[in-house]
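Consider the two complexes below, in which chain A is the common component and chain B and chain C are the respective partners.
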Partner chain A sequence: MIHFQDVWFDYSPEITPEEQWNLRKISLSIQPGEYLALIGKNGSGKSTLARLCNGLLLPDRGQVVIDGHSTANPDHIWEVRRKVGLIFQNPDNQIVGATVADDIAFGLENIGCPTAEIRERVDYAMSQMGLTAFADRSPDQLSGGQKQRLAIASFLALQPQVMIFDEATTMIDPQGRAEILQIIDKLHQDGKTILHITHSLAEAMKAERILLLDQGECCLDFRSADILQVWEPLQQYAVDFPPMLLVAKHLHDWGYPIDIKHRQPTEMVEELWKLHLKK
Partner chain B sequence: MIIGQFIPGQSWLHCLHPKGKLIFVFIYTFLLFWMQDLTAYAVLAIVPIVGYLASGVSIQQVYRSVRPVFLLAIILFLLHLLLTKGGRVVWETSIYTLYSAGLEQGTKVVVRLLLLVLTASLLTLTTSTLALTDAFSGLLKPLERVGVPINSFAMMMSIALRFIPVIGEEMQRIRQAQMIRGASLQYGTLRHRLRSLQSMLIPIFLSIFRRADELAFAMEAKCYNSEHPRTQWRRQSFTQLDLWFAILTSLLILSLCLMRWWH
Partner chain C sequence: MEITFKEVDFAYPAYALPVQPILHQISFQLPTASWNVLVGSIGSGKSTLLQLAAGLLTPTKGSILWDQQVFLAGEKKLPKRPPVGLVTQSPDTQLFELTVRREIAFGPMNQGCSPTEVDEHVQTAMSWVGLSKKLADRSPFHLSGGEKRKVALASLLAMKPRVLLLDEPTAGLDAKGKQQLIKQLRWLQREQGITLLIVTHHLEEMLPYIDQLFVLSEGKMAMQGAPDQLFRHPNRWKELGLPLPEITEFIATLNNRFQLSISLQEGSIESVLKELEATLMSRGDL
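The block that comes next holds the complex of A and B.
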């Protein structure tokens, strides 16, 4: 679905020495329907990578191929953008419409969708994101989580195959964040390819595969179920390990193998009881 | 003009075609300046009165929409009292004489201004900004033939309107942040206050640029291309209601024309 072939990128490539470019020798493949998380510090190049995925930025070297189309080809760029939805961190800065429905319709108007179909797709996107009741509300009247759902809905209406969430959960409250994470899960189940960019390993663990970016280079690429195998290198990158994961790790070290997929405290307690009773 | 205050609703005023409403406001403005006597203004006053009753907008909203022009209205009124001469002498002291013409002109100017603002706000209160910009760009469409990028202008306008509350909030936040640091617009010498103003304006502009940058990315991500033709999903068609509105408007124009000839 998304292929990076030895991609190099910098915002000012003429004056920056090669070894300090924003992104260096990135090669990666994301399969259709895959759920991938991208973690890394501020300034590690996560957002830049996201923007390369739909041709908002073009690689200086190498190429980015989306579903067979290179983003560098101006004839295919609109095709690429229709396939790849990109949700940003700050919901306020990506809402264009004066009302919820208008904002969802914006992208559809851009692609020249006929009026009747716009109506249908807007209704569908609103019902999917639970925004139907807010159709004629102004975006200013929405909460942070609702705004972010609106941002997702406006891409959903474009029927993309890939949805990229660029720290889309950072600026909203815990309840809104939980909602967004559920939505991401659901979109994944519906067959969308997901790229979730986040600071939080807890959020990233929901993905099938995790990619760690550090100073513009792709340093780790592992399946979230195999996280214990990359524990040592992961520690070098100042990642915030979620408590349940730490518990699992310690149990594992003490010779009590425990399914790393159990991330909820209740599940963990159950698992501990099982271990206890076995003894 | 009072903008960005759309109050959603279902009244017939909301349902009128935005282009029709826009044209009406233009005609109304013209009539206000064309008619010179107070009886005509009484007739014209029917429009905002009926409009506000129909729109279901609260009195507070009406007040809020005219409040910003009160000061201007008072100044204009006083200027006429001071400067316009003619007619009878109403009141006389050794340094100042109040003429009836001044009183009359002053009243007319104030009435005219208030009617204009009331009617124009009625338009913005009952028409969403998006519909309004669509109507504007629709009416200006012929200019596209001579190379004026009407669609881009319309987009710019609707985005500007959309971001007024966002930037207002931001300004509030920056003002408070700078006040904590001792910048004040209320105290100190003029020079000090100007410096404070600067300390607020620069972060505001920076933040606006940053927002604009991100918004541009978001718009492009949603396939926006000013060179591509766009569809408009809220393309409203003219209904019977608009026909009645047009007939009533014509009657208003006609009656005012007759009044003018009468005099």
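The block that comes next holds the complex of A and C.
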């Protein structure tokens, strides 16, 4: 679906020494229907990589190929953009409509969607994101979290094959975040290819595969089920370990037989209690 | 600086919907150099409350006092701005200069500082938030999300505020960046006597430091007090649709199950597990 072939990129390649480029020698393949998380520090190149996926940025070296089309080929760029949708960290950057419903319809109008279908898709997107009651509100009057939902709704309505969420949960409350993770999960089950960019390892653990970028290079590429094997390097990269994963790891180190996966706190305590009784 | 809200109501003007009050009967006090946190679900009025505390909005009813002084309430002419800095949720909306250095210098320049003072303030502010000097001549718009947030914070700190109001300050920062920022905020609060009011969905990042916790629900103050007190009522949190931090829920369940008394405000899993290990050892269970 998405192939990066030895991709190099920098915002000012003329004046930046090669070893400091924003992205260096990135080669990776994302299969159709795959759910991939991308983690890494601030400034590690995560968002830049996302922008390379749909030709918002073009590689200085190497190429990005989407379903057989290079993003550098201007003849195919619109097809690439229809296939690969991107949602940004800051919803203010992507809201254009005068009302919530208009904003969602905007993208659909641009791709030449028939009016009746626009209505249908807008309704669907609003109901998915709990915005139906706000249909006629101005986006200015929404809270930060509501705006983020609106941005996601506009994106859902377009139904691209590949959906890239660039820290889309950053500004949303925990409940809203859990809902968005569920939506991502559902989209994945519906066969969408997902790339989820996040700081949170807890969120990344929902994906099947995790990539870690550090200073412009892809440093780790692992299945989330195999996290124990990369624990040491993950620590070096100052990843935010979710508390219950830390507990599981500690218990593992104390010699208890336990899977290293994410759990609810109450589940964790029950498991701990049972293990404790067995000893 | 201390901030007092006395029975504050706020509604946006009638030409903008909705007309019902956004905030209703809000009363509280933030003592000088205290660490305060405001939580609530989306649309509960958190950001509006911050703008009121910054003096950017005026209460419809009631009053707001900064060190027992009224700066704005009910007056058309603004006598003076309170020394309060607000970092909004989207740092993009507060950046406008050509370089990071100029962005941060803008505030102190307007306060009439001399060029040397401005330079000093800029450097201090950058080091306070952990912004690398390398970035000084870069455009703030070409920085990563987390770096932009730091620039926004630094440009406020350069104006020497007595109160900092922060809307989701750690959003978009990586683990190290978060720890650094919390450490810096702690330092500003304790050593510089700055009063903090932080809106966050990530209580767990600052649990041990919180003096007062405010829970806003549909424009009303649903709970306020010391966190370990408020955490004793998990059902109330559930009613409000607000999850407790994972670590707090873990400690509460653990205390119950293993008959322990670990503080509900403990912020580090390592310490919790150490305490658990120690207790189990002393009971001969491990």
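One rule holds for everything that comes next: the second predicted complex is superposed on the first by the 272 of 279 C-alpha atoms of A that agree within 3 Å, B and C clash if a C-alpha of one lies under 4 Å from a C-alpha of the other, contacts with A are read in each partner's own complex, and residues count from 1 in each chain.
Rule of thumb we're sticking to: contacts are C-beta pairs under 8 Å (C-beta built on N, C-alpha and C of every residue); 3 or more make two chains touch, one makes a residue touch a chain.
Small disclaimer: the values here were computed from a predicted structure and weren't measured.
**Q** Which partner does A:T266 reach: the first (chain B), the second (chain C), both, or neither?
**A** Once the two structures are laid over each other on A, A:T266 reaches chain C alone.
**Q** Of the partners chain B and chain C, which touch A:L158 in the superposed model: first, second, both, neither?
**A** first
**Q** If you stack the two complexes on chain A, which partner ends up touching A:M244: first (chain B), second (chain C), both, or neither?
**A** second
**Q** Which partner does A:H199 contact after superposing on A: first (chain B), second (chain C), both, neither?
**A** second
**Q** Considering only the touch criterion stated at the top, classify A:N93 as touching first (chain B), second (chain C), both, or neither.
**A** In the superposed model, A:N93 contacts both chain B and chain C.
**Q** Of the partners chain B and chain C, which touch A:G144 in the superposed model: first, second, both, neither?
**A** In the superposed model, A:G144 contacts chain C only, not chain B.
**Q** May I ask you to decide whether A:N110 touches chain B, chain C, both, or neither, giving the answer as first, second, both or neither?
**A** A:N110 sits against chain B, while chain C stays out of touch.
**Q** Kindly classify A:C219 by the partners it touches after superposition: chain B alone (first), chain C alone (second), both, or neither?
**A** A:C219: touches no partner chain.
**Q** After superposition on the shared chain, which partner residues are touched by A:I172: those of chain B (first), chain C (second), both, or neither?
**A** Touch partner of A:I172: chain C, not chain B.
**Q** Intersection of chain A residues contacting chain B with those contacting chain C?
**A** 90, 92-93, 137
**Q** Under the stated contact criterion, what part of chain A meets chain B in this complex?
**A** 51, 54, 56, 78, 81-82, 84-86, 88, 90, 92-99, 102, 105-115, 118-119, 122, 136-140, 154-155, 158
**Q** List the residues on chain C that touch chain A in their complex, please.
**A** 16-18, 41-43, 47, 89-90, 92-93, 142-147, 167-168, 171-178, 201, 204, 241-243, 246-247, 249-250, 253-254, 257-258, 269-270, 273, 277, 280, 285-286
**Q** In the complex, go through chain B and note every residue touching chain A.
**A** Against chain A, the touching part of chain B is residues 6, 8, 128-130, 158-159, 161-162, 165-166, 211, 214-215, 217-225, 228-235.
**Q** In their shared complex, at which residues does chain A touch chain C?
**A** 11, 40-43, 47, 89-90, 92-93, 137, 141-146, 167, 170-177, 199, 238-240, 242-244, 246-247, 250, 254, 265-266, 268-270, 272-273, 276, 279
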